[in-house]
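In the two complexes below, chain A is the common chain; its partner is chain B in one and chain C in the other.
Showing the complex of A and B:
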């Protein structure tokens, strides 16, 4: 049977309660009659022979590009860059698609006699990956062949000796990327395109860039004018990246882009009920739900986190394309939409979402309050094409425990941002103007970023900017079941139950509001008409 | 009693959501393969030889005619009979030559014999029933039937698709002939008489009496023959057997040659006249049909 598309269901008296994610847990909530529930599509069929498909894509490139084997020659400098630990979510079941692709690229390079090969994690300002994470993404075969020789590196955006400034775009944006990559004869960039935002010129222009370059598009103005940043056609973030990408090409940086798309088969057995529509839950699903919720209710946070973070998604490869960046990306975007797009008619007064335990920046870590804001107001709010699911001035209700908890190793600057900056103001523009520079240039944060596993000092600012469009658009943000102090610090309202939250929302949007529940994950993208 | 609410109990279904296709296990989807395993066959053989056949020969003693016509016939074959009563199946199974008897399945209406698992299990075990849709021979049954025939199993099938409501035959479904045609096995016409008196459709009590089973000449598959034409021939053959049973072989052949064989479906008239035609004045007192002057 072919997978069923996503759809919008209006809750009626016979609808069962809906599953609502709540951090490292979930619960069933009976939604008011008339609530629209946006259900994600079922997973598309995965490619049966992924390795064959990858090799076929390398030799049958898109756009104005020669096959990979024709681009490789003895004596050349080859840099293979790949997406970092922030993709895919949750981490996929081994073998990771990066491993499959890079093994195919390396096979081709070996056949062509290329000796000078460097593998590079395209971190931008993200934290460095740990050895187990690299091994999971690349596989032991690649790790053991490259890491001991220092040929598996992680991009360092704060190493002045290893950055190459390639001039400015016509809009005056600095283009500065990793020197090794910039001086290579060929960059092969290996993408995992989980959402429509990923890939394209953003891969190299962001993934291998420095703070000096990133600040041109990672700022409040760009984010407010990206409506949404998941829709490349209407995203200022993408426009800036595209200008930089074209500038890179004009500067002689040659990129062979490889993009892969995955289906939304997100949860492994026995958690498949999390993807299933509630009225189709079997007795086994219900028993698993009851057992899981009962177990989670008694488990300490650390145990819960360990359980969820060890979850590996059984996602399958739905497409792979390689060649010239823009031609490849057009095809990739179509394939992402093929899996994720759900048509929704019109906006509503209230948007409801249950936030899960993971976002791109807390893999193997804690989802701190800033990341809660980023996931809800940044990622989930922007999962639309056309217009937001909620009307201007509407209310957003998110369900998440929002603990006042931070990972001091991965997120040191987040702690200070939360304690110092958000205590003063939550206005993105003011934050950007007053505080960004001091955090971005703080030598301690830079040291931790370069030598430890810390996100860059400026990263929490970007997380806040990520939600700037939503903050600008919404009349009120309410978090259900969150730590009241942490929620207040974020500038949001705290509610203990969903009915309370809906009542609080009525203060802003009026009585009997229309409600839309975005039942995500599995990932979907609302095509709002 | 109030049922437990979701998730302790089963979820309710929102309005407007189409029912998903469910994996069905009854009806035509019932898997009967277990009933053809050695243990089930042994149990069935014991039941047939120890219980069914003695009962049939005692309660509805059959007169079997035309066995000579299938003397040289080897399994597998498709036996197609008119259908009046639930007694038809045990009667046929009791009168089939031994080389067919224990390696024959009976096509039974999926909606009647296979609507629940226990009924399906009972009929699969006792008479080796396999589910078939009443109104047509579906692709599913065709595949099953062809597989069984290829494995050497014969098939008893009622081309009318169900028991006759008034004793007169209903139109034959062409799919039965198509099965024999596709599987390239001989089609054997069979005529049964007497069971509609012993246990007609809707009856609650069995009235013991004599029955008759007439085997027709096997119709070998002809790859050039249209299955619909084969089906028409089958219907004509069964009608000729009925005529032969009511009169005698020669009269029946002559009438058949002249195209004057009485139709199996009876006179084209309102209900009471059809019933009237089936019961000549003295028939009520006889357990054996009148064979003419």
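Showing the complex of A and C:
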């Protein structure tokens, strides 16, 4: 039976309560009659022989690229860059698709006699991956073959001796990437394309770039003018990365792009009910829900976090394409859309979301309040094509515990951003102007980014900018069930219950607003007409 | 007359200490402090004046005394029983010249008040806070009014003061402003004794009366480059920002704020660099430890809050060659090349910065236990300075004839 597409269901009196994510937990809410619930499509069928599909893609490239085997020769410098721990979400069951792809690339390189090979995690300004995370992404065989010899590296955007400035785009954007990659005869980039924003020229132009380069598109102006940043046709973020990618190519940097897409089979067996439509829940689903919520209610935060963060997604590969970047990415995007697009007719007054425990930047860590903002107003709000699910001046209601809690190892600059910058202002433009430079060049944050596992000092700013379009668009943001002090610090309103939140939204949307509930994850992208 | 009197009683002192550990100000209920009917103090000499207090503040050192936390260091320089209260605005009340005029008491009982000739080097140079003779002369020991059994204190209907202690309150200055002059003088002295601060990074620990007045003094007299304040409570944070802090953070975020501002690195419990000068306006082991951790090598820590007996690791003091200096009371300051009495500068600052607003609550003497409990928890209760309001006590008590 072919998977059912996503669809919009209007709540009526007979509808069962809807499941809302709430951090490391979830709740069933009886939504007001008339609420539109946007359900994600069911998972597409996974490719049955992924290794074979990967090898086929390498030898049958897209665009004007030669097959990978034809690009490899003895004596060449080969850099294999790969997406970091921020993808996919949740981390996928082993073997990770990066492992499968890189094993195939290494086999091809070995057959061609290439012996100068470096593996490189494309961190941009993300934190360095831990050894277990690298082992999970690459597999023990690759890790043990490369890491002990210093051939498995993590891009360091603050190592001036290992950055190459390749000039500026026609728009004056600095293009500066990792020197080893820039001076390689070939970069093979191994991507996981979870959402439509990922991949394409963004892989190298962002993943291997320096702050000097990233600041040209990771800024408030770009984000406010990306409507949405998930929609390549209307994304300034995309345009800037494409200019940089083309500049790289014109500068002689050769990239062989390998992109993969995954289905949205997101949750393993015990949690399958999270993907099912509520009216199709079996007695076992209901029992599992009750048992899980009862258990979680009693568990300390640390235990809950451990349970959820150890979840491995049973996602399957739906496509793999390789070759010239833009040709590859056109196919990739089509495959992402094939899995995620859901048609929605028009906007509503209120957009409702349940935010889960994870976003790209808190894998194995705490979802701090800035990441709550970024996930809701950045990622989820921007999961649209056409126009936002909520009208200009409308209200966004998000459900998440939003604890005033931070991971001091992964997110040290977030703590200062939250406690000192947001205490002064929540206006993205003002924050950018007054504070970005000092955080971006802070020697302590740079030290922690380079030697520990800390996100770069400027990263919380990017998280805030990610929500700039939503902040610009919305009339009110309300968080249900959050720590009131943390929610206030974000500049949002805090509500104890969904009915309270709807009442608090009344003065911007009236007493009988139209409501859309984005039931996500599993991931979907609204095609709003 | 009515007075709050502090007696020497080891048993009650121990009780006060126990109660004060449970709740700040709790020592007032069980300790040596009692509300009594007593005779007004006699005039120690012909030039002395009688003063009827109008408002008298409750200071951190008073609370430490009431709660049995004072250092035994003070034993030789106080005399029992004493009437506390050294932050005083009152009226001259003896029928002498300017009778009825309002005055602020400069409470240090230095050589002039003690009729010691020649004066000690401290008093001779105008630094009365450094008087070497506070246990000598014709007065009983007492470093200040409020700690000497011969002169009384502000927590009563009457005290006596030497003319050298009296400062006329300018017309138009409210009592609430005038009662802030003494603590403000402490802050002015602390700010001006910290060395040159122009363009420097300064951190202030604590945002009670001392911390807030230090902030105001820094902004008025020292032109620092940046002032970062650690303040625990919302009202304190609001006032700290209003009074001149460039950045106000929770106390647990102060080290991070200083680190970020000075672009230092974090080296375990301390910063690689740090603030040029740190004002410790708390005076606890924790605050001093933090001050030593966030001041730069060869920087200066100014102890403004009264510390008492604390246990602190002084290794950073040695290793980083930090200067640790105390800032007690006041005397004479040099600003713009001229010597000026600290109190004069304080009068100006109180008026310019509107420090009268720091007076948050007024209590009659009868409700002293409530007043001290309020003062002990001032920050948490949104208050800064709690004072006794004696304006409604019976005035001009019958003075004892000489």
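The definition used in the following text is that the second predicted complex is superposed on the first by the 529 of 529 C-alpha atoms of A that agree within 3 Å, B and C clash if a C-alpha of one lies under 4 Å from a C-alpha of the other, contacts with A are read in each partner's own complex, and residues count from 1 in each chain.
The working rule: a residue touches a chain if its C-beta (ideal position, glycine included) is under 8 Å from a C-beta of that chain, and two chains touch if they have at least 3 such contacts.
Just so it is clear, the model here is predicted, and its values are computed rather than measured.
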(message) Going by the contact rule set out at the top, does A:438 touch chain B (first), chain C (second), both, or neither?
(response) second
(message) For A:425 in the superposed arrangement: first (chain B), second (chain C), both or neither?
(response) neither
(request) Name the contact category of A:415: first (chain B only), second (chain C only), both, or neither. (result) second
(request) Identify the partner contact of A:447: answer first if only chain B is touched, second if only chain C is, both if each is, neither if none is. (result) second
(request) Would you sort A:130 into first (chain B), second (chain C), both or neither based on which partner it touches? (result) neither
(request) Check the residue A:17 against both partner chains and state whether it touches chain B (first), chain C (second), both, or neither. (result) first
(request) Based on the superposed arrangement, let me know which partner A:497 touches: chain B (first), chain C (second), both, or neither? (result) neither
(request) Would you check which partner chain A:183 touches, where first means chain B only, second means chain C only, and both and neither mean what they say? (result) neither
(message) Output the chain A positions appearing in both contact lists, the one against chain B and the one against chain C.
(response) none
(message) Which residues of chain A touch chain C once you look at their complex with the stated criterion?
(response) 415-416, 419-420, 423, 438-439, 442-444, 447
(message) Taking the touch rule as given, give the residues of chain A at its contact with chain B in the complex, in rising order.
(response) 1, 9-12, 14-17, 28, 277-281, 283, 286, 289-290
(request) Spell out the part of chain B that touches chain A in their complex, as residue ranges. (result) 6-8, 10-17, 20-21
(request) Sort out for me which residues of chain C touch chain A in the complex. (result) 247, 249-250, 253, 256-257, 259-260, 263-266
